[in-house]
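Labels for the chains are A, B, C, D and E, by order of writing; each one numbers its residues from 1.
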Amino acid sequence: EDLGIVRLATTTSTYNSGLLDYLLPTFEKEHGATVQVIAVGTGKALRMGRDGDVDVVMTHAPKAEAKFVSEGYGIEPRGIMYNDFVLVGPNNDPAKVKGTQDITQALEKVSANKALFISRGDDSGTHKKELNLWKQAAVKLPFDGYREVGQGMGKVLQMTSELQGYTLTDRGTWLAYKTKVDLAIVSEGDARLFNPYQVIQVNPERHEGLNTKGAESLSKWLVSDNAQDMIDNFRLHGEKLFVANAKD
Amino acid sequence: MNSDIQSNLYLSSVEPASCHDVTARPDNHPWHSGKPSHSAERVLQINGLKHSWNKDYVLFEIPELSWFKEQVIWLKGENGTGKSTLMRLMAGLEPVQQGSVFFSDIKPSLFRSSGRGRVCYLHQTPYLFAGTVQQNLQFVIRSLPFARRRKAEQRLTEGRQMAALHHLNDQVATTLSGGERQRLALLRAWLLQPDILFLDEPAANLDDGSVELICMMVKDLIQQGTAVMLSSHQSCALTQLTNQSWLLKNGTVYAL
Amino acid sequence: MAALTETFAHAVELLVSGDEQLWTIIGVSFRVSFLALLTACVPAVFLGFILAYWRFPGRWFLLSMTHTLMAVPTVVVGLLLFMLLSRSGPLGDWRMLFTQDAMIIGQILLCLPLLVSMTHTAFQSADKRAWETARMLGAHPLRCLWVLMHEVRYALIASLVAAFARIIAEVGCAMMVGGNILNYTRNITTAIALETLKGEYAQGVALGLVLFILAMILNLGMALLRGRGQLSHR
Amino acid sequence: MAALTETFAHAVELLVSGDEQLWTIIGVSFRVSFLALLTACVPAVFLGFILAYWRFPGRWFLLSMTHTLMAVPTVVVGLLLFMLLSRSGPLGDWRMLFTQDAMIIGQILLCLPLLVSMTHTAFQSADKRAWETARMLGAHPLRCLWVLMHEVRYALIASLVAAFARIIAEVGCAMMVGGNILNYTRNITTAIALETLKGEYAQGVALGLVLFILAMILNLGMALLRGRGQLSHR
Amino acid sequence: MNSDIQSNLYLSSVEPASCHDVTARPDNHPWHSGKPSHSAERVLQINGLKHSWNKDYVLFEIPELSWFKEQVIWLKGENGTGKSTLMRLMAGLEPVQQGSVFFSDIKPSLFRSSGRGRVCYLHQTPYLFAGTVQQNLQFVIRSLPFARRRKAEQRLTEGRQMAALHHLNDQVATTLSGGERQRLALLRAWLLQPDILFLDEPAANLDDGSVELICMMVKDLIQQGTAVMLSSHQSCALTQLTNQSWLLKNGTVYAL
């Protein structure tokens, strides 16, 4: 079987976690394919799918993905795994958030103390999640200390550390940066911090010349038992990052 | 002096109306005796040429003027009367503002490729290319049509000797002394053998010996059939070669 | 400071270790930028010359445009090219997106304005007797141009160096139309961008140093060609 | 093509709409880059002059380094500056990270090599009699330098234009040490980067066009100053 | 001719051993009669000056040579013997390779600020700054010490008249004709009034009228106390001003 080149657009956070480098060689060997990974922001990844510049996308923004599929740009969405978000802040925790598991309460404390909060501000999945949570916490934005920076997650963590503020981050990036920044988790575990990943094929009816066969194989392979086990076994800095959930 | 010229051989005037016979005539030609017939070959014909660098001052205006084949012209005139400008105009280095300059069959131009190398103007302060003397000379040879290159290379050795530049072959041309520069510039033109050659103050900065050298080269060119016009403030061996003087004065040209 | 020394040592280590992946990345960088520069320099010299020597109405406007185009961010050039080459774009059928060819086109677009502007300045600063003399000595216009280029060679080399530096160091366009695909369109700068994104600053700086060291070798080599940049006699 | 026209219309609309946020962003861009250029140009002219006129051992090496430094990606300069200014870095106490001042420093570092290289080329292409004549006529060395600058003014202006273009269009360093903070350190290029990240290409291109239009206005203005770039007589 | 000089006033030699009395003496000074005593003020003293542009050829070697205050020197020599080089060496424009050049109290230099404007060398092909004639002249005035500016501005009008440049005040200096350039260059030096002035071929490209003009200016400078050395291939009104000749020949200087 020779599937040729499959182009996969995914978010940088996924790519940077190293998961794909761990998974894809197995797929490539089994199916005789070459997967070219293009790591961009969620919005851009979906945009590339819409324009037919890639064959398949892998993202974590449920609403945008739903729209992407309902508008007919993507087909066969498959949930493959999830990880979660955490709220991080300075070690001395000026807003006294530590120990608050309820994420809305935690955010209320941040705003009430006028503590510095660094927001992604880039319409990414993480940013949308954050805005959603602020809404649930009924905090009016921007409050004093709220900074929109418009950068990738890693950069935002760096900035948060430099400025000693709070921010919401996905666990993958957090694990990658944990040792490099002067921050600690102040709130985690709330069910609202759930972050599901989907893989979606680009609709072959919209564009000519897509490698649909390859995309389909990849998509199916990712939900196969073999791949799901691999995802569960993936470790970043010794910690489990993703929970495979294709069977749920 | 002015009235002197006017009474002498007044061949061009500011009012074009008074032009009846405005061709310059050679009268003391060293190699060719007698005046040229009106059918004599013309090198150049100027008609109603007018030039001004700024609106309110006309530098010169030349109703009609001819240059015949056997004439070697000494362009005279005080500083700033427009000798260089006139030569540059004739060589096609300045755009003609009004009137016309005709060669029999050449149209010199700054950018077109045809007819190149046939009309040559030597700057008052010659420009030498970066590189050695040898490279400056090679430039000319490589610009010649194929047929003439072989011959030019043979002449090169002779020319270097004639211009007394043989010992400077590998010197960077831009470091030459004032006189050496002038000689090199003339040697380049001598190698080129153009149909028409304008020499702007070729004798400036030269000692008597050097003047003799370039004099020989110019003479050689004339004998090969090149029509030469030169400007010079001093009369020297070089100006002896001329058989016709044009005087730029009062904004027009008087052929003496 | 210690961190910097360490990073530097790491960079040298990277270079000499002969890591195949790294050399692929370096190869992509230099191959793309060299080809782009090579393609761009001929039209740039002609344009620069025409802008300096041929007076036509609107010349000053063209010059200003050249200057303005330099100020277009590389990512914008990348974006526009991306829109053109995208499957849904007008040139989508070329299937050129995310290839090295696309990167080359992008870099040509990026270095042209700078090259034209700098060659124009070079030609403009030449003595106008140079062109006149070359013409008067019977050379074909193309040979005259060649001589003129020789007269201003230091300035021309400087413009090539600056243009090369601009494109080998740019990331916006390469990322956009190249896609940073490992072993294929990943070059040094997009690799640096990736490392930075990951927070691997040391690795990013090390890659930057690798580029710096290679550029230095190239430039020191050129310095000999450049004749050590002395003053011109006249 | 239609998309482009639309985007262009959108850009003009953005400009004339007087959107406050946009103008803040534009203000940051131009303020930072102007200040950086202003600070950099004086030392750059001196260095360029010294490299052209003063022969000392190692001069050719310095020149090569200048050229090499141009090839350092902006993001690497940003990274190094970041490491310096970071809380854990040697200058962390200045608390300068993510401020406009940090961006200015970064841009000074970015445009210096280009400025030095181009001013060097400019001075080098000057007739050496210019300096000699000025000296012989009894002028103070500084006045001689001034005269020399006047002799090569077109080349100097071109180098200023190129340097300005480089820093107003760069994003790597501004992003790194500025942080792209809304209303504070977000400039046009980091805003474009953000829009691109979001996949909002049209908005990104529109912002690019805004920059382009402003740069064009600036350059057309300068064109008058530049005297339309004609040839020099000699 | 060579032996002629040797028997005449042979004041310098290639072997430093034979130097006993090597100062040049004026003998036909127009304003000051009689030979200078040995205590006469020295403008310049050259000792063991040797210059070569490349290893295998020594351009000249001057064991000892003095220039006294009342001497106006005509530096003679064929093309390429090193007149310009010698003047540039004396003016501090070229680094001295071997030996020394002393002025009584000035040390001309290309980069230092002290003593500026006191030694001036005029290039063989003068360099004019971009800008108008007026700006070229203003440049000199603004370079003068404050105390002298007022006076220089008064002299400016007179000078422009003297150099016949008054009508060209607003012309771009780089477009001037060959002769006009020479006159402007000299006018700049005249405004500067240096202590020592080297004129390299100031009469080249000039017509007789212009030579008269610059002759007047140089004369004026001499009367104001400037020590002048000039080179020229032709003898003209200007060379009449000199009262001492130095001849560069066979790689050394003979004071005639």
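To be clear about the criterion, contacts are C-beta pairs under 8 Å (C-beta built on N, C-alpha and C of every residue); 3 or more make two chains touch, one makes a residue touch a chain.
The structure presented is a predicted model; accordingly, all values stated were derived computationally and were not measured.
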Give me the fewest steps it takes to get from subunit A to subunit B if each step has to go to a chain it touches. 2
Overlap of the subunit A and subunit E neighbour lists contains D
Relative to subunit B, largest Cα-centroid distance belongs to chain A
Write down the chain pair with more C-beta contact pairs when A-C is set against D-E. D-E
With chain centres taken as the means of their Cα atoms, state the distance from subunit B to subunit E in Å. 32
Chain centre separation (subunit C, subunit D; CA means) in Å: 17
Please tell me the distance, in whole Å, between the geometric centres of subunit A and subunit D computed from their C-alpha atoms. 37
How many angstrom lie between the CA centroids of subunit C and subunit E, rounded to a whole number? 50
Name the residues of subunit A that each touch 2 or more other chains. 152, 155
Shared-interface residues of subunit B (touching two or more other chains) are 175
Residues touching two or more other chains, restricted to subunit C: which are they? 127, 129, 196, 232-234
Got a list of which chains touch which? A-C, A-D, B-C, B-E, C-D, D-E
Subunit B partner contacts - residues on subunit C that touch it in the complex: 54, 127, 129-141, 143, 147, 150-151, 153, 232-234
Note which residues of subunit C are touching subunit A in the complex, please. 86-89, 92, 95, 97-98, 179-182, 184, 194, 196-199
Show which residues of subunit E lie in contact with subunit B when the two form their complex. 53, 78-80, 82-84, 124-125, 175-180, 183, 200-201, 204-210, 233-234
Taking the complex as given, what residues does subunit A use to touch subunit D? 40-41, 43-48, 121-124, 147-152, 155, 159, 161-163, 182
Spell out the residues on subunit B that touch subunit C in their complex, using ranges where they run on. 91, 93, 110-113, 116-123, 126-127, 129-131, 139-140, 142-144, 172, 174-175, 188-189, 192, 194
